[in-house]
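Heads up, there are several structures right after this.
Look for chain A in each of the two complexes below; its partner is chain B in the first and chain C in the second.
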Partner chain A sequence: MIGIVIVSHSPKVAQGTAELAQEMSQERVKIVAAGGVDDETIGTNAERILAALQEAETEDGVLVLLDLGSAVMSTQVAIEMLPEEKRDKVTISEAPLVEGAIVASVEASLGRSLEEVNNAAVEARNMEKLT
Partner chain B sequence: MEELEIVVDHPAGLHLRPAAMFVQTAASFDADIRVRNVTRDTAFKNAKSSLDVMSLQVSEGNTIAITAEGEDAGEAMDALRGLVEGGFTKEE
Partner chain C sequence: MIGIVIVSHSPKVAQGTAELAQEMSQERVKIVAAGGVDDETIGTNAERILAALQEAETEDGVLVLLDLGSAVMSTQVAIEMLPEEKRDKVTISEAPLVEGAIVASVEASLGRSLEEVNNAAVEARNMEKLT
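The block that comes next holds the complex of A and B.
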């Protein structure tokens, strides 16, 4: 079963999204938040993301869901800090953060592969809400 | 093939946690399980896909139709019926 890391500029958004996703997975999936520069400061922090990647690490890989901008760069830096053989097991998702995290956590809880979970999470952006 | 129509009484419909539980229950069986929102007259979707189930936009009071085909179809139907009728309280 894959692990999931949630990266946001806001520590509260990351934490809240991780909690929501965890509720969806019924505690079956390892979901770790890595938001903010620290618990109080808006921004992103490669070392915090690295720690989250290590905590969420599984044999089946880790999917990173993030908001935007420097979250991508900081995550790429964090992945570079991993031992080489572990870098291939981390995928940064193009999915929208909250919707993607909800879908990814359910799909991950079913034991689906990193690629399958990521594909479903990316598709979440096309989910209609108002019709 | 097993078929069933049932009303979803949960206040959250089949969104978020109830949807997740529905998909997780369906995925625990080998049978091919499909579900559609009768009230909204949607097409049948894959009951083992969270995206598909959430896209049905099942709200409280909507009727859903479930079909299951395969060796454990009967058990799958019993489990899904129990989940919906039991108000999604089943612990797994």
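The block that comes next holds the complex of A and C.
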């Protein structure tokens, strides 16, 4: 089963999204939050993201969901800090953060592959909320 | 200038998203969080959303960004609790929550109309994060 990392500039957004996603997967999936520069400060922090990647690591890989801007660069820096053989097992998703994390946690809990989970999460872009 | 309400099942996600969006608009836009059943419990609460709608109310209208599922129904219930003449000034957005809120706050701070802000927020669906 894949692991999931939630990266946001906001520590609250990252923690809250991880909690929501945990609830959706009935805590069967390893979901780790990496938000903020620290627990109080808005921004992103490659070392926090690296620690989250290591905590969420599984044989089946890790999907990273993130908000935007420097979250991408910080995550790329964190991935570069992993041993080379582990980098290929991490995918950064284009999915919307909250909606994608919820979908990803359900799909991951069903034992889907990293690629399948990511595809489903990206599809959450087109979710019709109002119907 | 329109107001913005952030509805999430997670109090942390709602508060964190509102803070991120505030930072992007340099605090020029009224952005109010309505997350959770209360400050601790995951879920949505129509009375909290109603209070947020009233706090964010402006002559130019209010855009509601939300996560999914019962967030929509609770928001619709809250809108029904408004006086009739105010209901038409509230739009529920199909935009992704975090990405949409960030875009919406910037557009709102530029004085765009409710419809323009919503259109820009919905477009955040197609944002390419990795390029």
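We take it that the second predicted complex is superposed on the first by the 131 of 131 C-alpha atoms of A that agree within 3 Å, B and C clash if a C-alpha of one lies under 4 Å from a C-alpha of the other, contacts with A are read in each partner's own complex, and residues count from 1 in each chain.
Note that in this section a contact is a pair of C-beta atoms (placed from the backbone, for glycine too) under 8 Å apart; a residue touches a chain by one contact, two chains touch by 3 or more.
These numbers come from a predicted model, not from an experiment.
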Chain B versus chain C as contact partner of A:V13, first or second or both or neither: second
Touching partner for A:L68 - first (chain B), second (chain C), both, neither: second
Residue contacts with chain A in the superposition, chain B compared against chain C: C
Touched partner set for A:A108, first chain B, second chain C, both or neither: neither
Which of chain B and chain C A:V90 touches, first, second, both or neither: neither
Which of chain B and chain C A:A56 touches, first, second, both or neither: neither
Chain B versus chain C as contact partner of A:V32, first or second or both or neither: neither
Touching partner for A:A120 - first (chain B), second (chain C), both, neither: first
Contacts of A:I42 with chain B and chain C, given as first, second, both or neither: second
Chain A positions touched by chain B in one structure and by chain C in the second: 23, 102, 124, 127-128
Residues of chain A touching chain B in the complex: 23-26, 102-103, 105-107, 109-110, 120, 123-124, 127-128, 131
Residues of chain C touching chain A in the complex: 8-17, 19-20, 23, 35, 42, 66-68, 71-72, 92, 94, 96-99, 102, 124-130
Footprint of chain A on chain B - complex, ascending: 16-17, 19-21, 23-24, 27, 48-51, 54-55, 57, 92
